[in-house]
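Below is the structure I would like to discuss, written out as structure tokens.
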Amino acid sequence: MTGFCDHAWHAVADWFAAMTSHPFLVQLAEGTLPERVFARYLLDDAHYLKAYSAALAALSSRADNPDDRLLLARSAAGSVEGERDLHRAYLLPRGIDPDAPDAAEPTPTCVAYVEGLRAAAALEPFGVGMAAVLPCFRVYAEVGAWITERTRSVGAHPYRDWINTYADPAFAHAVRAAEDLTNRLAVGVREAERERMLAAYVRSTRFEWMFWDAAWRGECWPQAS
Amino acid sequence: MTGFCDHAWHAVADWFAAMTSHPFLVQLAEGTLPERVFARYLLDDAHYLKAYSAALAALSSRADNPDDRLLLARSAAGSVEGERDLHRAYLLPRGIDPDAPDAAEPTPTCVAYVEGLRAAAALEPFGVGMAAVLPCFRVYAEVGAWITERTRSVGAHPYRDWINTYADPAFAHAVRAAEDLTNRLAVGVREAERERMLAAYVRSTRFEWMFWDAAWRGECWPQAS
Amino acid sequence: MTGFCDHAWHAVADWFAAMTSHPFLVQLAEGTLPERVFARYLLDDAHYLKAYSAALAALSSRADNPDDRLLLARSAAGSVEGERDLHRAYLLPRGIDPDAPDAAEPTPTCVAYVEGLRAAAALEPFGVGMAAVLPCFRVYAEVGAWITERTRSVGAHPYRDWINTYADPAFAHAVRAAEDLTNRLAVGVREAERERMLAAYVRSTRFEWMFWDAAWRGECWPQAS
Amino acid sequence: MTGFCDHAWHAVADWFAAMTSHPFLVQLAEGTLPERVFARYLLDDAHYLKAYSAALAALSSRADNPDDRLLLARSAAGSVEGERDLHRAYLLPRGIDPDAPDAAEPTPTCVAYVEGLRAAAALEPFGVGMAAVLPCFRVYAEVGAWITERTRSVGAHPYRDWINTYADPAFAHAVRAAEDLTNRLAVGVREAERERMLAAYVRSTRFEWMFWDAAWRGECWPQAS
């Protein structure tokens, strides 16, 4: 019997296909993605990771099971560390400081995604909150594997370090642990709540695609004048 | 001495100017706004009011002062009633049911705005949460007055009932009460937090413009395939 | 078919029997309760109502159904108004100001009860939070009916106004509405969550008895020296 | 210049004196504390640590500063691990399972303390929540040092392992980190909020004394019949 997460991943197969044919990821894999587009993505990602660690900590505080609380507290800590690494390895060398007063704002898509995660993690039923944060785990594991496969025989690659982050077995292990937790939760709730979990999962996966797309398009906020 | 809210409203003067020159509001005032665009706006508005009443109730639960808690609990109740009236007076006659399984999704802009309000009301410092919900009060009062002024001499107007809602003195009174509360809060916090309040106010005002604009453009979610 | 609330009320029958044989309520009904004990109870009650309105507002913000949100927002508002009336009608004439810097602290029992309600309303599953706030509704309706019955033929009664508050049909109506909501929630969750709801209901009912008892005993906080 | 935490610790000097003269701690240090009293304390402590890790995770999710979020997420994880160690090293060997259906309930004092912490961590201003969780850090560090000092020359001691936990330099380091964070917060808020922080600190310290006292007295819940 397959669990909720495999079912949910199957339900978003079209979105994964759309990601791997999106020029952002195709060019990232080819190593031809313009540096300026990658930098824009990194800035959104720094903003995202800040909210993501907050969402994971909120879920940790709501977990009844000590193992689940521990897993989510560690994931929250890992997400803060991930943001730090991003800063050190990618943003600083590019002279980008997301906290500077004149830093570019995160894109509307990034803001919409992270505010929804923050709200879901703190306010929706626990299982719905977990389903909302999962696609970020699974999508990066799957995208990481997909890019690794396509770039295996390539020698030097401008985005190699970034690619390796998500191809790390430790990351795959974290994904599996979060999915196991969510599979257990899905078994313990009524069908109506499982449907809400699936809807949250699909929405977040769509936001993952939109997140790449916003960086690609250079999405901006409107100006008043 | 003017309070935080007058200062904040002054800071978003460009956005108010942008609203009153946006074709959505210009045509709404002229009575030439296509019915299909207005219906799209109403659907987003129904979704918005649901989250708005939740945000006001969350703020009510966090108010220390009994008068403030009462004001916000009544505002939350009033917002639910506003949503009901919208249903009865506008959506039902148009055959729109936002809760139907096949109902159109709220626009990305609407989702971004409401998720940010839900998160701010529950998770940000109380004054920042209040500042985030205020523009919806003030913008509708100002837009209501602006349209009323422009349509005073007009006889029949297709959107007369809707216009009258926001020109109601009871609404103006509710706006003033929420602003008084926020002015008091702003006095009691440090400059750094007052700046966060202002930033939240500006963001929500921008979302008010974007909300009209999303309905005007018929903003859609991307499709996977 | 009986719903969750009748089942839960049946499960706490022993506690209701313990209340109606507790000297606080026996003497309150007889009109022989020492004024100083009643005043102590009122002080705790003022503190309680503050937290109770916050809990109801938090639950309102978490209700998915607009009718439920409206009911709970109005209950929150009503609870603030109830606290105001208590102030005006009982505390002020006795020269008691619970907000004065030198006011007596609420009892340990009162603090334990209200902190548990605040936490449950904001952090436990919605149905568990509702079950936690319900006993205050039902216990006061039942105690009010019990005292009214026993004092019907009595002429002047020192606590007549207080008694009448809870014998008011409007209060009975509010109780029924909150119970209907909770009965619906109980139908929609799994057995394990229904058991958590029942446990929360029993704990709050026990706290209701302890609340009268703390006033009766003049429960105090320990002193460091 | 001394910070908030030194000032706050000074303000609770009487409570620390009351702890170190309480028979629970005096006999614990002497090694004469009845095993049954220690076991009762451990059961409450297991319950406490569960809520404490939830409170720390909630605070982590609310921290704006990534370093603070990381510290609190790790503290939450450490608190879950502390609870596990307690289980393995103390409860299991004594045949105590706090999660068994027939396990003794935590004492009223324990429940009052943990519900207040859960509520403060999630709902009070961030600094007030931090101030509420701090005494558990500092009191155990100070009590640990006090007992270690008194038992240094003693050979075998029945509670040696337990004593060593809190005399661990890693624990002292965690205390200092949490205090540094809170000192910084206290600098950034207005006097009125700093007073609320101090009040929360004093209340939690009093609960620490009451916690030992509840185990000593064998505090029980009332029975309905």
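Of note:
Think of it as A, B, C and D in the order they're written, each chain with its own count starting at 1.
One rule holds in what follows: contacts are C-beta pairs under 8 Å (C-beta built on N, C-alpha and C of every residue); 3 or more make two chains touch, one makes a residue touch a chain.
Bear in mind that the values here come from a model prediction, so they are computed numbers and not experimental data.
Between the contact lists of chain A and chain D, the overlap consists of B, C. More inter-chain C-beta contacts link the pair C-D than the other of C-D and A-C.
A rotation of 180° superposes the C-alpha trace of chain A on that of chain B, rounded to the nearest 5.
Inter-chain centre distance (chain C to chain D, centres taken as mean C-alpha positions): 30 Å. Chain C has its Cα centroid 45 Å from the Cα centroid of chain A. Among the residues of chain A, those in touch with two or more other chains are 61-62, 122-123. Judged by the touch criterion defined above, the protein chains are all mutually in contact, each touching every other.
By the touch rule above, chain A contacts chain B in their complex via residues 12, 14-15, 17-18, 108-109, 111-112, 115-116, 118-119, 122-123, 206, 209-210, 213, 221-222, 224-225. Across the complex, chain C meets chain B through its residues 50, 53-58, 60-63, 66, 69-70, 72-74, 76-77, 80-81, 83-84, 121-122. Interface residues of chain B, counted against chain D in their complex, comprise 61-62, 123, 125-126, 188-190, 192.
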